[in-house]
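Next come two complexes built around subunit A: one with subunit B, the other with subunit C.
== the complex of A and B ==
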């Protein structure tokens, strides 16, 4: 049975949760937030969507398989870890982009953000992999 | 700069194994990465040989605050031996492990274990050590329960629960320690304990928790029961990997904290460690002689052999520690090789029950010789590495005035010989019992890679026995570094 109200609300919910997760991702490092919690919130949005529309539609929406997202996240983390070596610093040292930007003003951009994005991908990929596998075993569609 | 590479190489393999689909590519990449890891371990060894110790401060945070990776001679030796064992077991697994397991990421989790083991050998602070223990345990939990056979799940649950309890003890001890001392960097802690004299009595609860945690991980006397209950259930290649690497990390950590913290109150800790060692030796060897399963006998012998290492530590002289380090290296190689041979027997006959096996020597003489080398190295026959190991332990015992302990070690050696002869006769020598129907499949299964893996380790055993001089010298240098705590503290903190 289709339930139009539920479908509309879930679509809205997914958007809100994705935007909120990106907000938390950028907020991290200096304030409460960061890649881990942002990844969980993004994955929760997709899980709500999967409960209403089935796992196939979520798989289509995220493009690559969730395992691949996990791998890509780990790759981003690895790159962050070894990037400082090319600037002759110890592994995992934070690097910061200096200076002001023309339109945005003074920004504080560096490798911690990249690291958090990697964590974001790993966590959301992992939670989606677990939940989608369970839903498929239970034939929840 | 090269120390983080030992952590990042297995990590890179894990990423590739997630992203790459082809089973064949993953398999051979796994072997290639294990060789790269071995190469880096040799490089670390070469640098440590020159410089004595090397360190890296992760993220450029200075020592007592950040995470320090340190490799002294002892760590470098352990890294090298474990990299060798890992590379060989990977080669062996390519042929020995079934397709379904390889497809589902057998090598991925094996590299997870490697990452944890390398990290534990390099960790310069206690919490970091705990984290690497967890990494290692995650991989091993999955490998031991992988495949979901009935017996395997039973073993896995025992393994999982006991190891979780041990992690719990360890982290509780770390919590108390941090509350009292305000630091977890091992060098910093050691220095603070040395400066504040009486404080170690207050730290006893924490130390007891940590030592119990390590004793469970290292399968020492009162806490060994999980090991023989679980090691005979997974595929033989997995058992070989576990026997070579996992318990040894527990013993490594015990040696590390004994030489950094516990030596301050020798009057309490020395008898404890000595008795743990003696009882592990004796009880392990007696339990082994009553078993009739190939892998169970070898599992009980792990406990007994680790007892030798621990009494070497308890002598607490240069000779004793050198003997312990040498014995640890010898045991990793010989034990793994014995399990590799068990894997071949299992592949040919689908069982490891000594009562129904037989005639294996006729089936393939070379495997028989390989078993002979590893088993009689474990039993301590010259010119194999086990002879040198036992000789060093017993000599150190006599020199440090523990004549009775040395006699017990000798006595245990006889029983080890008894068990090994028992396996040799029952599996390789005797005729297959007539009431057991002869195996239908007489054509041998392919075992080229398996046998080359085993030959490499057998050569290492013989090499370690025949050219023992340089290795023993290196172990003595490592031992005197361990006893000279000031050296470690100054190197890490400055």
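== the complex of A and C ==
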């Protein structure tokens, strides 16, 4: 049975969650937030979406399978880890883009953000993978 | 030009890893394209020959390394050049050869990936100037050769052979690591050039014997010396290009290389001489002897390889300037003829479909150029003029004669091995290639003109190189002299020539050839005896024994593991809690008064108390609940209560994470709860009482420990450092997140890897289930 109100709410909820998670991801370095939290929040949005619309629609929406999502996250983290080696620094040392930016003012942009994005991808991918596989076994659709 | 060598080696690695991307574009041309890299390396190495003097040494230091002591510096001297030239030269022909040989295989891309990586690690091994780096490349050759030997992994035999070689060379690699670390600790440096320059010799060090034994094990396993020789014939399961490459100039010669490289540091002692001579001579004789009884062309070559390796180890063990020179020349000789012969074996196999020398016959007509190459290589193997093999063998005899005291043992066995080599060379020629043989010519599927040029080129060029060097051995003089300078640390005048004058060495050669022909004539009756001996040996067949040993070991380990890894979660928890409890009981100082804070208590906060009361009530409810759903919801209440507790103490990140995790867990639980079996009490009364006691005592103990922990401050808490440096060093005000992504990023990396693995585990478990149910439905 379709419940149109619920469907509308869930769609809205997903959008809000995703925007919120990206916001948390970016503010994470200075304020509460970060990759872990943002990843869980994004995944929660997708979970509710999957509960209402089924796993197939979530799979379609995220395009890349959630497993590849995790792999991508790990790859990003790995690249972040290895990158400093090419600047003759120890593995996993943070690199920072120096200086001020014309419009944005003084900003600290560096590899930690990249690292956090990788964590974000892995965490959300992991939760989605687990939930989707459970839902598929239960034949939730 | 030579200064680009490290980049070229790196390029070889990258090329290997890029094969999956290149293969769809290049398809059959892949091998031809990849062969350009070893060719470039070969040319670069040749360019280094131009300015070579007997003493010259070219170091390419590097400040880059994984550890402070471990710099990827490269060292270009005669020794590494001799090995590098053969590795890249033969490698070039092997890649060309494989381009056609492997074209029918499905996983061609994989093959070239492995081959390129192997070649890169082999070249890296001979040029590295740091013992630790050398070790890494050494291990890389073991791993990549495992992949190459087991390339036909659908065959059980291949897998077994690959595993065997990996286990044996892996054992050696482990020994090498220990030896390298010990040398580095004793000498204070891992740089080979520094070790040689300072003239460090560990002969008198109290730990010398240990270091030497470890090194010896590494060499014996890698170079297939007795009693570890048996992995080499097994490795013949590999596709022929692999055998040709591994057993001519690379893999197995890594041990020989190591001996020469490390000789200035640990060589020349009594242990060195006797152990190497002993294993070398046994291996040399056994290898030659066993090659007589074989029928498979590749197996014959495998045993002659063992013999040749034995010869080289023996020569290094004799440890006179003459013998070292002989070992170097013999390495070149062996690489050239063995690489060619293996490739010929592959050509014969492709053209006729068999490698059994008693089925093959009269291949001269369909394969004329290959046969000429094979004959030249066989002449070199038999040690006859005018090939380089003759010079090599003369030098070997020379070295064996000159050793006082031991020549009575070495000479007969050495001559015996060489007689066998002559006989086996003649046998191969008459059985396989002789156009005037008695047997009917074998049917051939492909004639020479059906093969492309790059498939046939390798053996011909290698054979011609052997011939040319045999006629003009003076070309090698400076190179060998420089190699000797590196290996023996003394300057010697090297003057190779084909004709040494009429002396006792030449007499021995003549005797060898005549005896070889005699052995050849009586080979049929001799083969019966050798066959009987081989059968007898097969009873104590080392590979089978080895496999059995491994199997027994694994079985035992399995049984032992079963005792503690029984697979019952409840007992794991039980064990864990009991052990933890006992450890606490044993460790903690039972002074209850000391636990109480002496500064009095902080005033009670009513909201905190309320929170704790709610959480405790939820726990009690969960324990006594009769329904699973309400128990889970109650546990959720506990989780939220803890999250609020975090919030009250200002740990916002933690609180958010806890909230979210609780929520996701709730959702998951509610999702699956419908499908769980009915809630029932299955445990007996006694076991419940036991669990009660354990859980209550663990709770009490943990409380006690937490109270206690406040008073133990062994070091200044690390959090102070984090608070101080979070903004200044890591540019972040959220300390928790800075710790996660910066200060403790390695931990996070590990954690997310574990998360991924866990998710993949869940995924694969459910996948299995889904498939099962689906297939049931179809039925």
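Annotations for the structure displayed:
Throughout what follows, the second predicted complex is superposed on the first by the 141 of 141 C-alpha atoms of A that agree within 3 Å, B and C clash if a C-alpha of one lies under 4 Å from a C-alpha of the other, contacts with A are read in each partner's own complex, and residues count from 1 in each chain.
Here is the rule we go by: a contact is a pair of C-beta atoms (placed from the backbone, for glycine too) under 8 Å apart; a residue touches a chain by one contact, two chains touch by 3 or more.
What you see is a predicted model; the values in this text were computed from it and never measured.
Contact with subunit C, but none with subunit B, is seen for A:47 once the two complexes are overlaid on the shared chain. Shared-chain residue A:10: touches no atom of subunit B or subunit C. In the superposition on chain A, A:92 makes contact with both subunit B and subunit C.
Partner contacting the larger number of subunit A residues, of subunit B and subunit C: C.
By the touch criterion defined above, A:134 lies against subunit C but remains apart from subunit B after alignment on the C-alpha atoms of chain A.
Once the two complexes are laid over each other on the shared chain, residue contacts for A:58 go to neither subunit B nor subunit C. By the touch criterion defined above, A:67 reaches both subunit B and subunit C.
In the overlay built on the shared chain, the residue A:75 is in contact with subunit B alone; subunit C does not reach it.
Shared contact residues on subunit A (touching subunit B in one structure, subunit C in the other): 67, 70-71, 74, 78, 81, 92, 94.
Those residues of subunit A that touch subunit C in the shared complex are 28-37, 40-41, 43-44, 47, 51, 67, 70-71, 73-74, 77-78, 81, 88, 92, 94, 96, 108, 110, 112, 115-116, 118-119, 122-123, 125-127, 129-131, 133-138, 140. Taken together, the subunit C residues at the contact with subunit A in this complex read 63-64, 652-653, 656-657, 660-661, 663-664, 667-668, 671-672, 675, 730-734, 736-738, 740-742, 745-746, 748-749, 752-753, 755-756, 758-760, 762-763, 766-767, 769-770, 773. Every residue of subunit A that touches subunit B in the complex is listed here, in rising order: 67-68, 70-72, 74-75, 78, 81-82, 84-85, 89-94.
The touching residues of subunit B, counted against subunit A in their complex, run 1, 4, 8, 11-12, 14-15, 18-19, 56-60.
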